[in-house]
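There are two complexes below, and they share subunit A, which is joined by subunit B in the first and by subunit C in the second.
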Partner chain A sequence: MSKKQPKGEYIETDTGNKVSRRSQIIGTTNIILGGKTVIQAEVIIRGDLLRTYPPSNPSEKQGNTVAVAIGRYCFFSRGCELRPPGKLYKGQFSHYPLKIADHVFVGPSSIIEAALIGSHVNIGASVVVGKFAIIKDYVRILDGSVVPPNMVIPSFSVVAGRPARVVGEIAEGEVDGMDLREVYRGVGNA
Partner chain B sequence: MASFTPYTYFKCPCTDASIPSRNLGDEQPPETEENSDDDRTFDPRAPRSNYSLYPLEHLLYCEDCHQIRCPRCVLDEIVTWYCPNCLFEVPSSTVKSEGNRCTRSCFQCPICVAPLSVSSLEAPPQGLGAELASQQNGPFVLNCAYCMWSSKEIGIQFEKPNGIFAQLAKIKNGGLPILTAKDRRKDREERKRDFSGSSAAEESQESEAPINLDPNERLDPESQFSNLKAFYQTQMAESSPVSALGFTGDYGYGSPGALSRIMGLYTGGSFADKKSKTKSGTMREARDALEGLQIDPLSSDEAITKLRTEGWESTASAEQRHEQTTHTPFLSDLRPIAYLLRTKRSKRCKTCRHILSKPESKVQTTRFRIRLVALNYIPSITIKPLQPPLPTASPLLAPLKPVQFLLTFKNPLFDSVKVTVATPAKTPGRFPTKVTVLCPQFEVGANTDVWDEALRDNHKSSSLSGEKRRTKAEASEGQHQAEAGKVWERGRNWVSVVVEVVPPSLRIGGSEWLKSEEMKRDSGNVRDGEEVVEIPVFVRVEWEGEVGGEESGLGGGGKEKEVREKRELAYWCVLGLGKVAVD
Partner chain C sequence: MSSKRASTMPAPPKPPTSLASSLIIAEHASLTGTHLITLGPNTVVHPRARFNSAHAPITVGSNCIICERSLIGFQSDAAANERKGAVIENGVVIEVGAVVEARTVGEGTVVEVQAKIGKGAVLGKHCKIGPLCEIAEGEVIPDFTVVYGNGMRRLDSSGVEDLKLKMVARQIEVLKKLIPSNLAKFQ
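Moving on to the complex of A and B:
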């Protein structure tokens, strides 16, 4: 994967986020980026899919709802899509927030509709993560897997297949390699 | 063709020693047999070597034995059991009694192995105030979100949304209830009483008592198992000898009956046993369904008619049947699969029983209490082609053309190490690759802090650490020629050396004198894996480590603490460099 981009490819923010000019980020007010996150070209982030009703909690204002919350040192490869999952609950269809922790790598052309993704997760290329899936820390999802809706992937798993199954475990020595700080530094720029 | 990523695999020395030996008090680690390059070069293509090669991340390191430990030579001990779906910790006592599956509401779809969720059959509330409606209390079913299977298809519904495991155990496919163990026991007692009354009742098909007394009734597997178990227990009780003190059966080494039996063996005659054996009867087998006998019907008409009407699509596949505990030829026989519990394990060295890796016992924490990984003790090796390949060029190596690769050794220790690299001139196998290491001996610096280094040589324009070599711009700057005996590049704790490799030609035919010994013996087609250039490399690492704390305390006092003792470690690695193009 070439990290040398033509000039002006990334917009760099104060907190160190590198967002490509060719990415499609909708509903930017509802998206939180942790810092030092790289968003490559053609990435779609649907911040417009919010909860449709505020719960009977009068203190919560409409503007405070967060659709997508992303942690630090994440990397979203080209063509991937982040969509908050939605379901029919008590007669109403509404979307729930998508929360992603630190050091998450998402491969090209993957579609992520999970509810929660833990830290140090490596998602391969062309992966589909179904609605309301919960992925814990230190997980590797191999290329082409389809994670079914509502699946919980425990920590330290290697997951593959359609529907995805746990096919192996992450060895203790691989834990250090899942850190994405070096990858962030390698992204040249803008 | 998929591009090839170069790999390095390390060979664990556990496969050499036949019996693990304790090395307590031994300072030097035992030398491996492959010290000499001439005999017993490691052959990466031998079928056995596959089992001893691991990437560096998978290896652990024992500090007491000063040896690498691979997943095959560590002992696993279970720290916690938990369900991979609800992440609920299960105490080991519950695992022993209830089994190794989740007993709450976690199930997998029998068709596609995806997780099942509980939902109500009741229609969702409509109209105003729908979101404030109370919790559903309709009948509940299990639904698969991946293949849209529902437990309605096998006729199972639940009353409560929790505790599905217990409710499922009571319902058969189709909605009929299964008897629980308690009911079965009561059932058995009552039948035994009726049977002992009339001997002819075994032949009769009609039932006098409220419960069906059919001796050939079709029992589900759980009932059959419990009937058989109870039957055999009564048989054992009747047939085993009753010793003088009234103990039945053999209670192990302690009972007087066993003692007399064992003494009888030594004295040659079995005086005591002869007396008691005449009293007991012989054990017999089960006679009817009450005792657990199930006779398969001679004709499988039912199954055949079902197969004829519903067709092939209604049968369960081999994988689906494999997950079930009972015989399930049809899709309608399949039942939801409870999740198998997963474990957190701690790993111990086989020889010295030192703990190498210990995770926290809480399921939510991902930290480790102890984590001795080989990455922190032995230098890691990364491979890169010396000349960056052109994007248009093929990813394969051209045969018989020398190619140079850059090996980077990164030292994780806090002391500087001396590395000696040795490879056989020709790799073993049918298509030998010629290998030359340009600098077989070199020293790699210690992994000190960046600030220490900067403070020490602040006047020197020191080269930045490994990040620099990542960008392609740097590779073109290193235009200097690869010289024998000199390292290519050096950094704070890493060194790169050049290895020149001449890949073989994969041609089978050709003149006789060009062929290697193995080729002459075995001239089949190029087998899978032979086109990959794999070179075995013997690495010896020497460094001066500090002696452990307890030894420095003995005698001499403070002076002993400064003693630095020479340590070395040697192991084989296999470097996978690339695939050879077929010419």
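Moving on to the complex of A and C:
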């Protein structure tokens, strides 16, 4: 029994990104989507929190203003949020770009303020990833975890808890399950 | 879920507001309710922040940062001693998705991501409520308390409150340039 999808829930771009009409993406010019990425409804992406360069080189034109860079085959579930982290560095407050690699799955209602997320990462539901956290490749973050700011999560780990701690390792076989191509194909449009 | 269509329901009530001129309020912030909402100078309200004054007025001080998806305001009727509604003092940072129904949020307090502050709670100055933490209704949190993990508390005796307030001020300077303000929409 398949429910008839509402007309055009997803807008599909040339590069195969499927963006829901009900997502709330701010500052779209500063967001890079790698391709074949799915953004579900009510996802907030703050592309407006740009890096404010210190005026050390005023003549140099700011060509590359990227706030959020996302890789291929990523999946952002309903209600999650991607926010570039900001901090006070040498007396100057600035936001820093959020870089996400390929095949990253983010569960519903999670809030990501990390600096860097590696490839094949599976983030559960209602997860809070603190500012400037660095998540390496092939990591699974279980539901409801709170990753504290500045934490570095090594590759192949399973992380859970508040504050999040490494509770296990990704088994050899599980690695294939983190590929999101099938998930991408499953996202339908009427 | 039905597809998006032009809204046929009447728009939610637009509350009386008193907005300072140096306030930065994003266009997609939402102010609803019937009581007065006061937002102080130099405060930044991110898009998708929600203020609901249906049951009691809301007062926000200066130099505050209210992030996305946060929900400020009483969700059910105020008791007799809570007629003043929700008061958020100066220098407070309310992070993404936090639900603040507190009667008072003291100066310099940080309410982290998705924390829930129950109705009528009183938060002291320079507190920090960690992510996903919950404060019960009517609870009183003393000054300088840090609430974290699974209900654990400790007192913050590092003495850096002034530096934190300065940090918030710096953050606001930067946010002022990044978020276009739309005061007229809410006045």
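In this text, the second predicted complex is superposed on the first by the 176 of 190 C-alpha atoms of A that agree within 3 Å, B and C clash if a C-alpha of one lies under 4 Å from a C-alpha of the other, contacts with A are read in each partner's own complex, and residues count from 1 in each chain.
Quick note on the criterion: a contact is a pair of C-beta atoms (placed from the backbone, for glycine too) under 8 Å apart; a residue touches a chain by one contact, two chains touch by 3 or more.
Keep in mind it's a predicted model, so treat the numbers as computed, not measured.
Trainee: What does the overlay on subunit A give for subunit B and subunit C, a clash or a fit?
Mentor: Subunit B/subunit C on subunit A - fit side by side.
Trainee: So in the superposed three-chain picture, is A:Gly186 touching just subunit B, just subunit C, both, or none of them (first/second/both/neither)?
Mentor: In the superposition, A:Gly186 contacts subunit B only.
Trainee: A:Leu98 contacts which: subunit B (first), subunit C (second), both, neither?
Mentor: In the superposition, A:Leu98 touches no partner, neither subunit B nor subunit C.
Trainee: Between subunit B (first) and subunit C (second), which, if any, makes contact with A:Asp137: first, second, both or neither?
Mentor: first
Trainee: Under the stated touch criterion, which partner chain does A:Leu88 make contact with: subunit B (first), subunit C (second), both, or neither?
Mentor: Touch status of A:Leu88: both partners.
Trainee: How wide is the angle at subunit A between subunit B and subunit C, using CA centres, rounded to the nearest 10°?
Mentor: Result: 110 degrees at the vertex subunit A.
Trainee: Who does A:Ser155 touch here: subunit B (first), subunit C (second), both, or neither?
Mentor: In the superposition, A:Ser155 contacts subunit B only.
Trainee: Taking the superposition on A as described, I'd like to know which of subunit B and subunit C A:Val43 touches: first, second, both or neither.
Mentor: Neither partner.
Trainee: Check whether A:Glu174 is in contact with subunit B, with subunit C, with both or with neither, and answer first, second, both or neither.
Mentor: first
Trainee: Using the touch definition from the top, say if A:Pro163 reaches subunit B (first), subunit C (second), both or neither.
Mentor: both
Trainee: Between subunit B and subunit C, once the two complexes are placed on the common chain, what is the minimum CA to CA distance in Å?
Mentor: Value for subunit B versus subunit C, nearest C-alpha atoms: 6 Å.
Trainee: Could you pull out which residues of subunit A sit against subunit B in one structure and against subunit C in the other?
Mentor: The answer is residues 88, 91-92, 130, 163 of subunit A.
Trainee: Could you please specify the touching residues of subunit C with respect to subunit A in the complex?
Mentor: Those residues of subunit C that touch subunit A are 1-4, 28, 47-48, 68-69, 96-97, 113-114, 130-132, 149-150, 167, 170-171, 173-174, 177-179.
Trainee: Applying the document's contact rule, which stretches of subunit A touch subunit C when the two form their complex?
Mentor: 6-9, 21-22, 24, 26, 41, 44, 46, 48-50, 52, 81, 83, 86, 88, 91-95, 109, 111, 113, 126, 128, 130, 144, 146, 162-163
Trainee: For subunit A, which residues count as touching subunit B in their complex?
Mentor: Interface residues on subunit A, with respect to subunit B: 4, 53, 56, 88-92, 130-131, 136-138, 148-152, 154-157, 163, 165-166, 171-174, 176-177, 182, 185-186, 188.
Trainee: For the complex, give me every residue of subunit B touching subunit A.
Mentor: Interface residues on subunit B, with respect to subunit A: 56-60, 71, 82, 84-87, 112-115, 117, 124-126, 130-133, 144-146, 342, 357, 363, 366, 368, 371, 373-375, 467, 470-472.
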